[in-house]
Structures are given as C-alpha cells and as structure tokens.
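Labels run A, B, C and D following the written order; every chain starts at residue 1.
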C-alpha cells in the first residue's frame, strides 16, 4: 500500500476520532470528569441509526454512494445519543454527590448499562448497515489510493459537522455562552448566564457528535456493542494530546491520533518490527508520554474555543 | 457516627461476638453472606449444584478476594486509581503458565512453584515500569493511563505469538501441586464417597471433587497469607502514611514522607497480590488466554472494592462474594426459562447498575474501614486512653500480631 | 467545646506541665538547643518566582534566627503564601537559594526539606478522611521504623516500642494543648480551629528546627486563637523557631519579634513590632500609597 | 411587598432614566413605582447580616446602606469580611441572618443570575474576564440577560473606554492587568446596573494603573451607577468615595464619610494591630 493510501485511510479514521474527541473534551471541561461512557454513547448512536436505517434504508436518491435514508438514520443516531446523554446527566450525574473521581467511576457503570441494554436488544455479534460495498473510486486508483465514496462521505460529513460546530461556537450566542462557561463558570454565572442550561446544551452537542462518530464508525467498520468502549481509549489519547478542555485542541488531537493510527504500517515498511496490530498501543504510549511531558496537551491548556 | 472511624469502631464482624453488637449494615452483610452460603448449601444437598462446581465457586470467591485485596492495597489504602488490574492478573497467570503449560512456546513442564515466583516477579517488574511514569500523574490521568498501558500489555500478549502462543492461549497447565509429595496424588488416593442428605439426590464425591478441594485449600492459604500480611503492614506507620497520601498528598510531603516511594510500594504490593490471584487462576482453570486481560475483569474487581468499602479488608472479602454472586447468579438466572437472558449482558448490567448505585447512595462502600492504623499491640501497651468510651475489648485481635 | 478553661492565664499552666513531662521524651531534643540569637536556622536569599507574566516573589531575602518567632506579614497579594511554598519546596523558584540549618535545600523536594527540620502547616487545615485525631498525629514523627515496609515484617518489636512511645508522646502533647479528650475522635469531626491546634501539635511530633505556620488563626474563634498563641509561645520557650504568616495583626504583633513585612514579592521592612507599626512604608503598604 | 417585581419597577423611576426605560416589565411594575418610594429607600441596604462559608461565620451582624449615585468603600484588614459582604449581597452566599434589600425588597438568597437581571452588577476580584474570548465577546457575555439589541450599549462603552474598541477583536488574555480591570467593569456595565459591586479594583496593579482604574470607577459612578467597592488600598479607595466603612472581624467598626475616615488614627491602628 502506498503512503498516500495510508494518508487517505488516516483522513477517514481521523474524521471519526475528531467527532468523538470534541464531545469528550467538551464534557471533560464543563462537567469536570473523564466520561468513560462517552464511547458507549457512540455505540448508542450507531445502533439507533441502524434501527432507523432498517425502516428508511430504501429512501430516496443516493448521495456519495449512500441512500438518503442513511442520512436520516444519521440524524436519528445523533438525536438519540444526545437524548440518552441528557437523560443520564439530568437524572444521574446531576444528583451525584461525589468528587470527579467518583463521577469517573460512575460513568463506567453508566457505560456498562448502555452496553448491556444494547446487547440485550441486539446481541453481541457484529452487524452492518447492509449498504452495498462500493468499489474504490476509479479516479484515485492510479495514485495508489483505494478509497470508496463512502469514505468520502464520512470525511465530508465530519467536515460539515465540525464546520457547523465552529460556526455555532464562534458566531452564535449559545456558542459564545458555551465557551464562556467552559472558560470561567463562576464568572459566567455572575454575568447572568444560566449555567445549568448551557451545561445541558454542552452534553447535547458533545453526545450528538459522539453519536455521529459512532454511526460513521459503524459504516467504516462494523457495528457491535463493544465498538464504542474499544475506541474510547484512542479518543482519550486524542483529547489528551490536544489538551483537555480545548475544542480545537481535540480536533487537532483527533486528527493526529487518527493519522498516526493509520500510518502505523509505515513502520513495518521501513523495517521497524511494529505491526498494525500495535496501532492502538502506539496511541496509548503517546498519550502517556503527553501526560508526562505536556499535561496540557499540544494546544497548551487554554480554555475551550481557543 | 456509625460510619466514622470513631472509638467504638474497633470490633469487626468476627470478633464482636454477638450479632446484636453489630451495626445494621454489618448485620445486613452477614445475613447476605449467610444467605448466599445457605443457598449454595441447599443447592449442594438437593443435587442442584454439583459438589465439584461448588468447590470451584469457592475457589473463585477466593480469587476475587485476592484481587480485591490487591486493588485495596492501591486504591483503598493510597487512593491510586489502577485500571490495569487485568494486566497484573493476566501476567501472573501467564508467568506461571509459560513455565508449566504443555504447549508453552518457551518452557513447559517446570514446577508450578517456580511459576509462582516468576508470575509474581513479572508483575512486580511491570508494576515498576508502569508506576514510574504514571504515579506522578493526577488521579484521573492515572486512571486513563493505566487502562491504556493495560491494553498495551494485552496487545503484546495477543500478538507476540512466539512467546505467548497468541490468541490460542496456553493449555495443559498442571495443577499447582503437581510434583509435590502426597498432595500431587491426593485426589486419586481419596476414596469415592456418596453422601445422601436429601433422599434421592446424593452427593457424589470423586476425584474431580478432591482436586477442587485442593484448589480451595490452595486459595485459602493464599488468602490467609495475604490477609495476615496486609493486616500487619496496614495497621502501622506505613499504612498511616498511605492513608495520609490518599487524603492529602501535599500534607504527607510536608510531614517529610517521600510520597512517590510510598505510592510505588503500595502499587507494587497490590500488583503482586493481583498476580498471585492470576497464578492461582492458571492452575485452577488449567488454561489461560489473552481474554484474561480484558478490561471487564478489572472492573469486576473495582466493583468488589468500592462496594465493600475501599481500604477495608473485610469489605474486600464481602465484595469478592458479591462479584461471584453476580457472575454465577446470572448464570443461574439464565437457567430459569421465562427470564432467559444472555449471561454476558446480564452480568454487565448488574455490574453497571451496582457501580451506579454504590456511587450514588453509598460512595464510601458498605463496610468502610473502621480501624485506627496504629500497631495494635502498641495500642494495648501504651499508657493512653483506650479506643473509646464503649470499652469494648480490643485485645482479641492484637495478641498474634507481634 | 470544653477547651476554654485556662485561656486566661496559660503561661503558668504551661510552665508547670511542660518541664517534668518533657524530661525523658520528645522535649529532650530541645534541651541542648542553642538559643543563641545569632544562629540562623533559615535563610532565604534572592528568591524569585513568576507565574506567567506575574512576579509573585521578587528578590526576597531574609533570615530567621534560631529561637525566634518571626512574623511574616504584608497586604493581600504580597506573595506570602508563594514564599512559603518556595521555602518548603512545593514551588520551584526561578532564582535564589533557601538554606535550612546550613544545608542548601533550594532544589530539594518537600519531604527532604522536612527531613532537614523544616515543617510547615497549610492555610486551610487538611482534614483527613477516615482518621482519628491521634492517627493523624502519629503521621508527624520523622523516620519511623514502621514506615519501612520491610521493617514491619522483620522488626516488629522495634516498631511496637516506637509506636508506643509515639502514641504516648502524641497523647501528652494533646494534653498539653488541652485537647487530649479529642484523641480518639474522627479528624473530620473537628472544627477548623481545633484542627489547627491538632496540626500544630502534630508538627511538634516531627521535632522541627523551624516551624512554618500559614495563618494559624484564620477562621479560629478568639478563645482558641488565644490558646494557639499561648502554645506557640510555650513551644518557642522550649526552643522551637517559628516563622508565621498571619493576617490578624493583634495576634502576630503580640507574639512575633521580629516582623518581616512583605510587599509586592519582596521584603519591605524588617524589625520589631513597634518599629514596623510605626514605619510609614508599612502603613503605606497597607493603607495604600497616598501621594 | 414581595420580591423583584417592585424592585425592577422602582428602578425605572430612578434619576437618569434615559437608560432606565429600555425594558418593559411583564408584571406591569412600571406603573407601581412611585418617586416617593424611591426617594425613601436607599438603593441597597444590608441589615444585620450574618454570613460565611460552610460552617465558618465571617460576617457578624453587619449593616450598611448605599444611596443612589453614591460610592461607598469597604476597607479593613485582611480577613475582616469585605469580599464576603459583596458575595452575600450578590447571592453567591446566602445570609444566615438579617436582610439584604434592593430598593426595599429582600433579595437575600436570590441566585446571582437573577440578581443580575434586577439591576445589580458584580465585578469579582480575580478571573474577572473570559480570557479565551475576545473583548467584544466578553461584552456580549455581559449582556446575556438583556433581550434588546446590545450594539448601542456596547458602542457607548467603546466610546467611554476607547482601549476596548481598539482591541475589540483581541482575546482578553492579551490585555494588561489594568485593561483587564476596565474590561471587567465594562462587562458588568452592559447590563446598565443601578448598583455595581466591585471587589478590589486595584489588586495586583501598578500604582499608575490603579489610579487610572479608580478614575474609571468614578466615571462609571458619574453615569449614575451607585458603587459598593471593596478596596485594599484604603487611601485611594476612600479618596474617590463618598462613604467609607471600616470592617473588623465581620462587623462595621467605623462608618463615616470617606474623608473623615482617612483622618481617623484608629483606622491604621486596626490595620496594624494595637
């Protein structure tokens, strides 16, 4: 495989990781705990989309090799992931009286509950959307890149969502309030911002993006109850690399970790005996190294929105 | 007051003597454990539960108690969030398996006793390797980093086939007492027994039962040694420093304690105990595979410790019981026709719900630690007020300590 | 609280209680203490610390002489707590040196500095979850045999003897502080003021050469504050050197001599309480430069 | 008479009403407000308040009043409870005893985000700007509780504080200490409050910068906003104030017009012990 192809794969995988990282980072900064249920929120999104796709899969024309029904399913996946997260926040996290470590442990319990419920309903096996697998785009093959329209769809959709988030954060009142609250919650309150509402919106957006990431991960690989938990640590690596609490840092970290992950085969190509099976391990080692050397991440630990 | 380490908190369930002396929680725990044992005994006499399987369960309880002890020595004593329990457990199991298993790509056929030491040594080395970078981290970072490093270990075991046999795992591991005089042939030597308590459902004891009995004996010895060791080291100046670090690391530093060194000791100690559980498991199950490194195994142990009450050894024992109740109870429920669920998700749900409930309603655990961390016999000798106005005798557990 | 009994006239009580109880145990380390005022126990020289662009400590230099109670005062934001953190090793300085008992501890970790005989307390008392008062006290003594894991297994008798002695010392000091009755209480049940007393008592078990107290009477009711002052004075007579940050002027001016005034990160004035009080620069620092 | 409705109504009747009538009130409180009432009530009064953190009491039976268009300065040694007064007025702490009245209405225990909406602004001592937001965004955050167009107000503030306009697109973290303080005031002023609570405006500033900041405080007051200020630099703080309160151990030890306090030798004695 060519380096270009690794880069292309990296772009696809990065798109997914970026979507997941943003939400994890947002919640980390505003709710002040490492949310171990974030990966399983992705899974919730993927399965919700799967169910929806079963109903609307045949719907409409195709766009980027995907039926319009897929995008409906994507929207539902995002919505359900957000809803589930909001319900959890309102009825559980809000009522907790423990420190951030206690919250972290609680979120592990939440992750297991999500996953268990999904497993009851759908079993533990891998499933797929059942969209016909496409042939690589002819145009790119001479360059040594085997990439399908679906891959392009993932990149484009992620780019649209990221751009949308950027617009929201920079140019809307809600976005500014979110950044303000993440930056300085007590001053936000003093300024008259209803912080609890902003917190809820943060959960909605963070979990919604995670849901989208889950749907794309399902399209890229397969869907299984463990998909989210399995990728969670990679997402943590991205968030920590980018700097916890920084949305744009999470984007950068997600991009880098996704790329590094898919570029691992180069190591074997140049004779270093570390195979693709260690792609995740490399991300984890980078994560630990960043924690040690630069705990604020490469973006430098500035507040959200920087 | 019942939850604070007050003066009247010295008695533990075993030495208090009368049921009425116990706090309502302690009574509840006692009833739960007794009920569970009664249920098992009922299953045993009615033939619903094979005697060999019964012994196997007891062995597993012991294994989880060991694992909980190990995590307790890290999280409970010192506040170290170690999410790599499965890595140390797995390493202990692989350490002995690689020396003793039939299909080990490296050795095989070596005495399990040597395997035991290799398993513990591997875990100690890994603990130092993981500990050096991570023990300086903030608590939540330590959690994430240790989970990540545990995954690295799992991936290595899974992929380095020439050393570990990869996903095929290691088979043909001998029982722990292989090659020992008397004990190695004990199961064969024992006569078959047939006990009929409930007419029509006799309990048949044959060779596998005696093998399982040996295993229970082994884990009992492991648990007893660990318990005595922990009790000796915890109620001491060393244990006090750990608890101070857990409460406030800066304070411990300001009082002249090298907190990094103490954290490392606590981390290594706990990890070695986890590896001990792994060694036992390898010789109980006679087969190990990379699946033993799965993170879910880490969280089983976590639920045992936070449920029991972090820092409390009797809590860890209780937690070990509950985890087995979850693991095997779900299997049992699955047998009932009209609520036939998959075992996997049911267990996961039980673990998840239990974590949430504990953290929501009783974050300090069911049986939080109640002892003062003072060398027990010194407390008896010293010319200071006793442990409180209730004047409960506390000498019952002090004598054998020194 | 029943700790108000002898607040009025504490000195005789302390004098009466201390000597005989001290003779054989912890008090003894101070018997030979050199009360020569020339002897410098802590020297801070040219300390600089900046956070981002903000200069918190700016070329601060002063000495604490053995046997004194030295007060460290200054308006809000003068950099007193930063200075404490620099001295005790919790912050790394950008420049300058710290010497304790003649040993350069500039780059040492906090626990090393403690081993050199410098013990500090914190502004907000640190309550220890799940510990009784005497347990918390027993963390104080330095280099306990029982803090070594191996010794627990091999030298149980030594550990027991030490524990017994430390336990009795702890109880005695608590009695001296008139809080002996709190020994077996949960540390978390104490009031802030009681906890401050316990912290001071615990620090004594560490047998420090110099004790740094960060606002010992902040949030402490007047009765307990008096008690703390009496205890500090009594311990000082036994030879313990103190460096105390305190906002309560009444308290510090009556207790400390000399007073070091910090302003904008450096030492503004050093002198007796009266001299400091009369110094226009100090008044300006507190009330604001008029001009 | 209960709660904020009347307070808000009353507020509209105050002098300098050009800025006051920008919002209609849903409860029709406008009509209720009578000039007589507003003249009678001080804009803010603290009556016999006990307050503190957790179980630690800081304020002990503290009382003070703030008249319209007045600057009152709280001075006193560290730990006297100066900042606690502001926090209690602003709802960050709930009074244990006593009352906090805004134009006669008891606002004790009201949430800060609601107190902002009835016409009281608060400038904390530290971390008082959103460092990662631009100057313009900071000002917009100051106006989240307004539902009318912010532009005119923000333009006015730019006119008053040209430095902010100059740097409107810069992140607040790039500002110098004095500029930050100005931004912090301006953020609170977007709500056009009746009362501004300012916690140590000169803290951490070089003397010249502090002077500029005090000039800005006066300028804000000239717009008709009553100011209750805590200030470490007693001389400078009192110099621009009408009334001064010297706090000691959670109570008012001396209250006088500001000039009188400056001459009182007892005050410096309080600072430096007796």
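Everything that follows uses one rule, which is that contacts are C-beta pairs under 8 Å (C-beta built on N, C-alpha and C of every residue); 3 or more make two chains touch, one makes a residue touch a chain.
No experiment lies behind these values; they were computed from the predicted model shown.
Annotation of subunit C and subunit D: not jointly contacted by any chain, touch as defined at the top.
Chains that count as touching both subunit B and subunit C, per the definition above, do not exist in this structure.
More C-beta pairs touch across the B-C interface than across any other pair of chains.
If you average the CA atoms of subunit A and of subunit B, the two centres end up 35 Å from each other.
One finds 51 Å separating the Cα centroids of subunit A and subunit C.
With centres defined as mean CA coordinates, subunit D is found 44 Å away from subunit A. Here the CA centre of subunit B is 59 Å from the CA centre of subunit D.
The touch graph of these protein chains is a ring, one cycle where each chain has exactly two neighbours. Chain pairs recorded as touching, per the definition above, are A-B, A-D, B-C, C-D.
Within the complex formed with subunit C, the residues of subunit D that make contact are 55-56, 77-79, 200, 202-204, 207, 231-237, 267-268, 271-274.
Subunit B meets subunit C in the complex at residues 4-7, 229, 232-233, 236-238, 240-241, 243-244, 246-248, 250-259, 265, 269, 311, 368-369, 372-375, 377-379, 381-385, 387-388, 401-402.
The part of subunit B that touches subunit A in the complex is made up of residues 81, 133-134, 136-141, 143-145, 147-149, 151-152, 155-156, 158-159, 295, 299, 302, 306, 341-342, 344-346, 348-349, 351-356, 359-360, 363.
Subunit A meets subunit D in the complex at residues 173, 176-177, 179-180, 183-184, 186-195, 302-306. Looking at the complex, you find that subunit A touches subunit B at residues 33-34, 92, 95-98, 100-102, 104-106, 108-113, 115-117, 119-120, 123-124, 225, 229, 233, 236-237, 240, 275, 277-278, 280-281, 284-285, 287-288, 291-292, 295.
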